[in-house]
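Next up: some structures, all given as structure tokens.
Consider the two complexes below, in which chain A is the common component and chain B and chain C are the respective partners.
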Partner chain A sequence: MTTTRKIENTVLTAITLVAGAIWIFPIYWAFVTSIRTESRVVSESAGLWPDELNLSSYVDALFNTQLINWYINSIATAVITTAVVLVTGMMCAYAISQMRFPGRRLLYGVVLASFMVPTQALVVSQFILMNDMGFINSWAGIILPQLIVPVVIIVYKQFFDAVPKEMKEAVVLDGGGDYTLLFKVYLPLNWGITTALGIITFIMTWNQFFWPFLVVTTEDMMTIPVGITQVNDAFGVAYARIMSVALLAAAPVVIAYLIFQKKVTEAVMISSGVKG
Partner chain B sequence: MAMIRDRRRHKLVAYSLILPFVAIFSLVFAYPTFEVIRMSFTNAPLIGEGEWVGWANYRELLTDRLFYTSLKNNGYFVLLTVIPTTALALLIATLVNRLSGRMQALALVLFFMPYVLPVSVVTQIWAWMLDFQFGILQPAIAFFTGKPVPVFKNPNWVMPTIAVVTIWWTNGFNVLLFLAGLRNIPSELYEASALDGATKWQQFKRVTWPLLWPVTALVLTLQLILQLKLFDQVYLLSEGGPFNSSYVLLLMVYREAFQLNNGGYASAVALVLFLVIMVVSVLQFQLLRIGGKNK
Partner chain C sequence: MSGVTLKNVRKAFGAVDVIKDVSLEVPKGEFGVFVGPSGCGKSTLLRMIAGLEDTSGGVIEIGGRDVTNEEPAKRGVAMVFQSYALYPHLSVFENMAFSLRLARASKSEAKRKVHEAAEILQLTDHLDKKPSALSGGQRQRVAIGRAIVREPEVFLFDEPLSNLDAELRVQMRLELTRLHKQIGATMIYVTHDQVEAMTLADDIFVLRGGVVQQAGTPLTLYDDPDNRFVAGFIGSPAMNFLQGRVTRRTEGGMAVAVEDGELEVRVEGAAPGEGTDLVVGVRPEHLGPVESGGFTAQVEMSEELGGNSYVHSTPPSGGGDIVFERRGVRERLTGQTVRLGAVPENVFAFTPDGVRVR
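Right after this comes the complex of A and B.
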């Protein structure tokens, strides 16, 4: 490598990292704000660096709001949604991919078509349905309309289609049925896809705002993204506390992302079909 | 006989596999789709029966000034976000793709992190940064305009600001798609073109851009659909104001159904939004395909 190329390389790397640092600045700033006292937050002399370590707004956030309840609601609804979406999706995808039955093509057509439907357009009638079933302000109400994630079926089908036929024959000769095939062969062969789809579905459900916001009206049943907007109203202008709550709300997904970053990257790529 | 029994068994097994999905789908997707269409032809309140009114809701919609304002604002927001975020993501992905190992992982974390945040966390952080009195970005705004601007209370600033917040929040997803696309381009192509004496820009124009086109088309289409469904950021940052300058279709659905108790009318608005998304995305898809063929 020539010297000019080397310099060019270093400069480009520096630009990338500086741009990245600027990009992440809002999160950094939220953190700096959250560990200051309210008076320091709005003081003229406060600089860009963390110069105070005041955790009182975190304590306040944890004990004077319903944050713990919101965590529980978010975790429960996101975990159940993800599990149901994956299990029903893989079963349906297996049948579409590996079995022959009347209505198969129609079913796949419906799945593909529903991929195009913006679910937000259905909220009015979904709300009425949940109301008729008595599911307003309940986990069931939050979960049910979020259970349709057509992309899970589409991705599973693609990967099941690609499983070599020989793997199937061995099991069939041993007298195994389709359930054995799905859970003992197709699923283990595609664990990577299952984790990828699981991660994506979980993040999407955890961060869902519109539907949980509509179906929940009592504070104790809110999920994290909806609940923290209440804190805003309750505190008025108290940015240290608002930022503490926001960061506590974001913490689980942020930590999970930092631990599983490689998986998340892969998951986004697989579920959007870009990675061949 | 055994064959027929086997075949019947096979079918039964297949139906048992699809049953859970089909049952849930029918209940929370197919039935509500049917219902929202039916309701749009009635004057039903949110909860309770209404009367059949034919096309009245749609006729009313055509004379509703707020409907045109919403349509216009949706269009404006699409212009402000779709192409800018695609271009920015491509630029960032190209920069990140040059890096390797830990350096690349670090850069990726920095650019992708906002995407995993819940929308309300994003809006609260930006509301603080743009706070009229104490926001850290106000001095920068004052530098360019001479004075601080209450961005979410100013009709000219509100949509562009929400666009910036949205791009900051969702751009990481597009960066990942472009990065995957860039990784799929065989490095031999770059080596060959470098041997032929191609400059970096020529390489981008002749190799990267055409081979990346399917991903670019995907990002553009996904973004278009996503940005037409704008609600959360507007509701949380400006509530459609000031003077309806950030009022959008989904906000209209919400207001009509859940605040004004007009279930039928809200359904009509929802269906129009649905149609707009369908038509625009099919059109764009066709255009992009033609664009791809001419390459």
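Right after this comes the complex of A and C.
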């Protein structure tokens, strides 16, 4: 390795380290804050380093708020939404990509068009609809409007379009129908993209604030992001508690990403054609 | 019992007829080859037999059964694709067992059939591998294996060797011939490569523009072509064609003036009258230097293949490349003007629109 190369590497590593530090600092700060007592958090002598190990804010968050309920609500709505979005999206994409029926192009046009309508524009009518159906303050109310994820259909369609025609014909000759094609060939062939889309949808739903905030008014039906606002209200500005709830709220998503990290990277690589 | 029979089969894409009234038969157990230039409709015809394309008219029978409107899977056919179309996420075993699984065959039966096919195709050691871990030739064998386990009445091959390199192609050609002998099923094979057609086929069907130009054994087509297209398509290097005009009748034929000389042609029936315009065709191996008669041509270059050589020459009119074969001769002719001729039996005559004059 030449000297110039060494200097280049050192500089690059330094830049990466600085960027990493900037990125990690808010999380670090949230953690440091969460293990302090409320009085220590606002005291002038509180420094950058963790100088206390006080878990009372976590205990409070877990036992004096509805955090457990919020967890259950968040997990249930995110899991159900992800599963339904993937299954319906994949089937819709299969139909648009592989089946020939009148109105196919129009249907795809509608899917694309729905991509261009901001959620906020639909909120009032969706709220009235959910109210009429009696779904306010229920999982169904949180989930139903979130099931429209056109990007899943678009991505699946692109991948199904790319499967060679001969593969389909081979299945047809082997005696398979559309279900065999979709679930035994197209889906396993695009497993990476299913995982990636699943993770993306899950995180998106988990982080969803605006809609659950509107459709849920009772504390026990709230999802975690909505629940965090309640911590603020109930205890005044309780920094340590807010931070502990925020960290607990982020934990499942972080864990999920860490577990599936390799899959996500793989999916990105497959989709960009690096690995066949 | 019949293998595959096509009666007045037609296929139209919109207003364009790509298959025009094709009738043919591949007898049971025979190896039939559809050959023709690209766009001649040979693949479409094969896909119609498979049921992957609808038939616009006519009847397709397999084993005496009308399958024109039958589902592809119920026709008793298996197809091997040019791109292999293996399922990349499944192992070789799973690929071969896929159709059996769909047909709800028992595990032991699937295993037995796959192992039998793997044995024939020398794939036993590769059953656990994914297709991506195999070479091109092995992948093609898996594709064939997938067809074998279904025990079809008819095997359909759509240019299966096109993706392989030249050496492997020759090897796979021999394996296919061996496989055909071993299994004895009816096979239909599509190729644009007339060498493949000649070496594999019991019967060749030469197609052009959606019409069967001629059908017959490889040597029939070679020795006795019905028209100029078949004569030019079958045989490598291709037959030489020269414009000519009948000068006189001879015993058993006629003499045709070509270039600066003439060639005699053997004709069974009545020879056309003097002054008739014709096209004369001679295969490179039948054309060669002669002492007298024939016509002259200037040698440009020769392709030396060791045992034989193909000499390329230009006739006085400058029109076209005249190729003739020489065997066991080392002496070069480059730059020389030679007199070329052939015996009347080996000279074919065609009308200007390409029909053979017999």
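Methods note: the second predicted complex is superposed on the first by the 256 of 276 C-alpha atoms of A that agree within 3 Å, B and C clash if a C-alpha of one lies under 4 Å from a C-alpha of the other, contacts with A are read in each partner's own complex, and residues count from 1 in each chain.
The rule we apply is simple: contacts are C-beta pairs under 8 Å (C-beta built on N, C-alpha and C of every residue); 3 or more make two chains touch, one makes a residue touch a chain.
What you are looking at is a predicted structure, and each value in this text was computed from that prediction instead of being measured.
The superposition on chain A brings chain B alongside chain C with room for both. After overlaying the two complexes on the shared chain, residue contacts for A:Leu144 are found with chain B alone; chain C is out of touch. Look at A:Pro26: by the touch rule set out above, it reaches chain B but stays clear of chain C.
Looking at the shared chain after the overlay, A:Gly176 reaches chain C, while chain B stays out of its contact range. By the document's definition of touching, neither partner reaches A:Phe260: not chain B, not chain C. Touch criterion met: A:Glu166 reaches chain C, while chain B stays clear of it.
More residues of chain A are in touch with B than with the other of chain B and chain C. Between chain B and chain C, the shortest distance over C-alpha atoms in the superposed arrangement works out to 6 Å. Counting contacts as defined above, chain A residues 276 meet chain B in one complex and chain C in the other. By the touch rule above, chain B contacts chain A in their complex via residues 10-11, 13-15, 17-18, 20-22, 24-25, 27-29, 31-33, 35-36, 39, 46-47, 92, 95-96, 98-99, 103, 105-114, 116-121, 124-126, 128-129, 131, 133-134, 136, 168, 173, 176-177, 179-181, 183-184, 215, 218, 222, 225, 228-229, 231-232, 236, 250, 253-254, 257-258, 263, 266-267, 270-271, 273-274, 277-278, 281.
On chain A, the positions that touch chain B within their shared complex are 9, 12-13, 15-17, 19-21, 23-24, 26-27, 29-30, 33, 41-42, 84, 87-89, 91-92, 94-96, 99-102, 104, 107, 110, 114, 116-129, 131, 144-145, 147-148, 153, 177-179, 182, 203, 206-207, 209-210, 214, 224-226, 228-229, 232, 239, 242-243, 246-247, 249-250, 253-254, 256-258, 261-262, 264-265, 268-269, 272-276.
Chain A makes touch with chain C in their complex at residues 164, 166-167, 169-170, 172-176, 180, 185, 188-189, 191, 276.
In the complex of the two chains, the chain C residues touching chain A come out as 50-52, 72-74, 77-79, 81-83, 85, 87-90, 98-99, 102-103, 132, 146, 150.
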